[in-house]
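So the structure is just underneath, and the comments pick up after that.
When the chains are written out, they are named A, B, C, D, E and F in that same order, and each has its own residue count from 1.
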Amino acid sequence: MSLVITNPPRVARKIAEAFARFGVATVHEAQARSGLLAASMRPIYPSAKIAGSAVTVSIPPGDNWMLHVVVEQCQAGDVLIVAPTSPCDNGYFGELLACSLAARGVLGLVIEAWVRDVAALTQMRFPVWSKAVSAQGTVKETLGSINVPIVCAGQIVHPGDLILADDDGVVVVPRLSAEVVLSQSQAREAKEAQTRAGLQAGELGLDIYGMRAKLSQKGLVYRPSDLEG
Amino acid sequence: MSLVITNPPRVARKIAEAFARFGVATVHEAQARSGLLAASMRPIYPSAKIAGSAVTVSIPPGDNWMLHVVVEQCQAGDVLIVAPTSPCDNGYFGELLACSLAARGVLGLVIEAWVRDVAALTQMRFPVWSKAVSAQGTVKETLGSINVPIVCAGQIVHPGDLILADDDGVVVVPRLSAEVVLSQSQAREAKEAQTRAGLQAGELGLDIYGMRAKLSQKGLVYRPSDLEG
Amino acid sequence: MSLVITNPPRVARKIAEAFARFGVATVHEAQARSGLLAASMRPIYPSAKIAGSAVTVSIPPGDNWMLHVVVEQCQAGDVLIVAPTSPCDNGYFGELLACSLAARGVLGLVIEAWVRDVAALTQMRFPVWSKAVSAQGTVKETLGSINVPIVCAGQIVHPGDLILADDDGVVVVPRLSAEVVLSQSQAREAKEAQTRAGLQAGELGLDIYGMRAKLSQKGLVYRPSDLEG
Amino acid sequence: MSLVITNPPRVARKIAEAFARFGVATVHEAQARSGLLAASMRPIYPSAKIAGSAVTVSIPPGDNWMLHVVVEQCQAGDVLIVAPTSPCDNGYFGELLACSLAARGVLGLVIEAWVRDVAALTQMRFPVWSKAVSAQGTVKETLGSINVPIVCAGQIVHPGDLILADDDGVVVVPRLSAEVVLSQSQAREAKEAQTRAGLQAGELGLDIYGMRAKLSQKGLVYRPSDLEG
Amino acid sequence: MSLVITNPPRVARKIAEAFARFGVATVHEAQARSGLLAASMRPIYPSAKIAGSAVTVSIPPGDNWMLHVVVEQCQAGDVLIVAPTSPCDNGYFGELLACSLAARGVLGLVIEAWVRDVAALTQMRFPVWSKAVSAQGTVKETLGSINVPIVCAGQIVHPGDLILADDDGVVVVPRLSAEVVLSQSQAREAKEAQTRAGLQAGELGLDIYGMRAKLSQKGLVYRPSDLEG
Amino acid sequence: MSLVITNPPRVARKIAEAFARFGVATVHEAQARSGLLAASMRPIYPSAKIAGSAVTVSIPPGDNWMLHVVVEQCQAGDVLIVAPTSPCDNGYFGELLACSLAARGVLGLVIEAWVRDVAALTQMRFPVWSKAVSAQGTVKETLGSINVPIVCAGQIVHPGDLILADDDGVVVVPRLSAEVVLSQSQAREAKEAQTRAGLQAGELGLDIYGMRAKLSQKGLVYRPSDLEG
């Protein structure tokens, strides 16, 4: 059955905005290295970064009809996240849909498929993370579902989950653990700031992290080169 | 036999220049979603756009001799389009060939292989769409053919066809239908301009395109979320 | 056995700096088309270029412990070059390690795996050539070796070899032949400068390289198009 | 936290055995085209077919320790299904582990990674569906989890779900809907048997499925060829 | 427009049957190394070989409706050859369609997409060359065209062309040159039979083909190893 | 310079034959998980196994001339191992060359490229490990080198090294360490035989390898499922 679930609970706007201070790598680590989408999901232009509440779309191969349906389900601060039911390399999304989403305050799109009109999307600063870029169009014949759980690029995403995307990729944080992961990210960042200062001053990670004893115990051997210069 | 066909008819310069106003996605749609080269063909730098008449080269694997031969077959407004007879990942093309082509007014290169010297090509603004970038060089031992029909990245290209390339990829328009496709692109763009204004003002595609009845008839069901916030 | 070879001989700093004037494509040709790493090794931002002495790391899959070990083996002018012992798609390297390496004057990283924090690395201009970008983290449990010969992206690299990397990829020049290859690169560049001038002035490669006789002897046939315009 | 969930409920043995009469394609259709693992999951030898209850393993990259842990969690009729937490191309599994699993009545393995000893596995008829074959070994340093929900090759799998695998790939049926999907598979097969008889006798699908009117209405045009023989 | 071209001229049955004596490699060479489909097209079981007249299908992504339409356009000795209009990884074809085609004497299928029911297809000996195997099903909503020229796996195929497929891949021979290529294949095979006898008797290709002088002239140098045993 | 090194030292015939008792996985482990070629190297038919002395060929892209040159450098018990200087997907090798090599007692071929005539090669039982199968032919215009060190599928191979290949892939053992690795393989196999007997009798690896304490210390937690059946 093709379903549109309306008004699912969303991660709080204030929490989502707080996540935007952190990088995907930091949040992924703070979450015990989980929730990262496959590395095939790449931004269409550099330096984009978004953090918002997931609106999910399960979509048939080669058919973008549901992307027109989903627009009125979106509100400001949402991130659209789309996965086809079987791998299909079409440019499901372009500038007109982006205009429509931008008018509602949607922050960006994550799609396990292709995207087109990237010059226009770049100019209007509507960021997209996709598998590739292609002008290849789609039909509008078959239904899908909106705001159901999906698997996108190897990760389970529920509607209302926190989606964070930057140059390093896309990470999903379950809505109910978003607050905890946020404070873990803050703790991690604070600790890294301290380490960074040491490293920039020339201290060694070997010493800061106290690794030398464990390395020696594992059997690491140092030996001067016997080659001549 | 290795053939160089000289002076094939070309798509008219004026028509080619008119195409440069449109995106690859628009022309591909105006042409009933045909003519798009495989999405593996990517530009070496962003925001390049060319529209010109195809000079075709069928070239052996690992051998770029014919790229030296083709230069004097080119004239201002041409686009070079090259496919190896078997897949071979070499950097067939670099800065010196680009200098030679640029001196004749050639607009750019589309090659189902690799390219090198991309820093220099970017600086001189000679755009290339290729499968990848690599410094790997070639030999000059075996002949190919020029201005014969080729299959490049999945599409048939005849000499004199219109080639349009931008950030979304590369589309080929057969020479004899170029005028018709041009006016269909214009019509499409005009219609999209109107739609765009509506969408930017917050109208929904569901209403603009009148999709609600058909969706309902196909069985789309709306249901409020039963999750708690 | 896990080994750290300390103080291997390095290619002379002055020679390495002289290489930085040339492109990877030029040096690869000057070296008889050898030494080029696989084209899957791409820079994380455009226009980066480095030339330095290789510090090699052989590293287990999914484990970046040795990257902490290698830092104190590095000195100004070095390039870190890393290959996992089996293909593993993890983000082994990020901003903190880059701070540590930059503090010692390391020029950049070449890694046959993934990298993360690319926004920060771009901002601090620490260049990396890698197979892909991903936030995926690693563990620190298993040892590897430093300054042993490795195969990285299809090429043998010894510690102290010259590594040159730019937008076209990465080339390795054996330490003992670096001086010879440098002068061959200079000779090649000088010759190309002359050719470039001719080509820019509209001369043809066919004439400059004297190719017409050989083409004719190989059987190349010129024939006017019989298509109508 | 690394968790081993013991004794999860399993799909009933009798139901699993009933599924073994059907192909993966039939069950996937009976389940509204859902639950199919990515096509990259291929059997190591032809004509293998298994249907059993999922024991899930979430495993770190390059480390197969948990495969030793999972053995005592398995019982007759189980299928082991394994996904690494990040893509890693190692041969996690070989003949010794298969001996151990076979001794407990495990039917086979589905792993989104590599496998080795395939000659021995083929000889002992222990079937494996994997991404590829390779001798590359792993370490035993890092924990994972057993009988937690995993995403394997793009699908969510819970412990106790029904796993059906044959030459066409692997499909997962949620434990709680297994009975319903089984009877839908039976209904589908019955209907197909009738269609098959008609088609083998030379009847056309166009007529059996009554497609001609809809095709004509969509605008399909028949036209005799104007080419000469 | 969606078109079904009926009764195109076909390559003569007798000629097609004569081709079945030759391998794809031989015919591809006899045709000056042209007409070979991409190597991604692999047979679903070993040792299959077919030679027949092409019935072409241009088909939308994720939609196999036209495969039901094409059946009545086929006759004994035909080979179905199918390409989607954009890359789409679905299992378009299975056992029921094969029963229908086999009832009309169709020899096999070549499809630049996926196939399913391979166990059944293998058992009934209906050979298929495809990009991959997967149970993933399709919809029936959008039209395509039959017996129009298509590009399949990188080659142009016209209806009525000769299709030869074996373990080495698939080659297309244009209908009008089939007789010439057949006799060139016969000539090539006759010559190879003679060479084979010499090689099996221990003669060297270096001598049979008279290569030594040319090798020496190109600068090949023989040098005894200076390593010790 | 194009070089043919004649009569390099070879791994002793008796040692090579002793290796044929072991699998690639065993030898790779006995050699501390080194020497394994990339998993993209697959056999053209199942159950082939060879162990012999490497004759190496460095070959240009798209050109198989050197394969004719190498035949007379081979003797009984050799394995031909070939790598192109840049990645090139051609069918360099077919049945005639196999006849010639078989006449000299060569055991098989390992080639980081493509192969053709696989039906004939299978029938004559001349095994080949390659990246893929394709009929695509090559030219004979450019020289390469024989019995020089090469990098093949990611590993360094010297002439005279031991090459072992089976269904799991290909491993190279340096000539000078072959005897040591052989006895380590024997030791490993002996130990595994004992373990195998225990596992087949239902003992657990957890106990045989004494893993329980270390798992517990690392923090593994066992917890009964709270789901209902």
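In this section, a residue touches a chain if its C-beta (ideal position, glycine included) is under 8 Å from a C-beta of that chain, and two chains touch if they have at least 3 such contacts.
All of these numbers come straight from a predicted model, not from anything done at the bench.
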Co-neighbours of chain E and chain F resolve to B, D
By label, the chains that touch chain C as well as chain D are A, F
When A-D and B-C are ranked by contacting C-beta pairs, first comes B-C
Taking each chain's centre as the mean of its CA atoms, chain B sits from chain F at a distance in Å of 42
CA centroids of chain A and chain C: separation to the nearest Å works out as 30
Rounded to the nearest Å, the gap separating the Cα centres of chain C and chain F is 28
Residues in chain D with touches to at least two other chains are numbered 33, 36, 39, 86-87, 89, 136
Contact graph of the chains (line, ring, star, complete, other): other
Chain pairs that touch, by label, are A-B, A-C, A-D, A-E, B-C, B-E, B-F, C-D, C-F, D-E, D-F, E-F
Note: in the complex, chain A contacts chain E through residues 60-63, 86-90, 136, 139, 141-142
The chain B residues in contact with chain C across the complex are 1-10, 45, 65, 68-69, 71-72, 89, 91, 94-97, 99-100, 102-104, 114, 116-120, 122, 132-137, 140, 143, 147, 159-160
Per the touch rule, the chain A residues reaching chain D in their complex are 33-34, 36, 38-39, 85-87, 149, 151, 154-156
The answer for chain F against chain D in the complex is residues 23-25, 28-29, 33, 36, 39, 42, 46-47, 49, 166-169, 171, 192, 195-196, 199-202, 204-206, 209, 211, 215, 218-225, 227-229
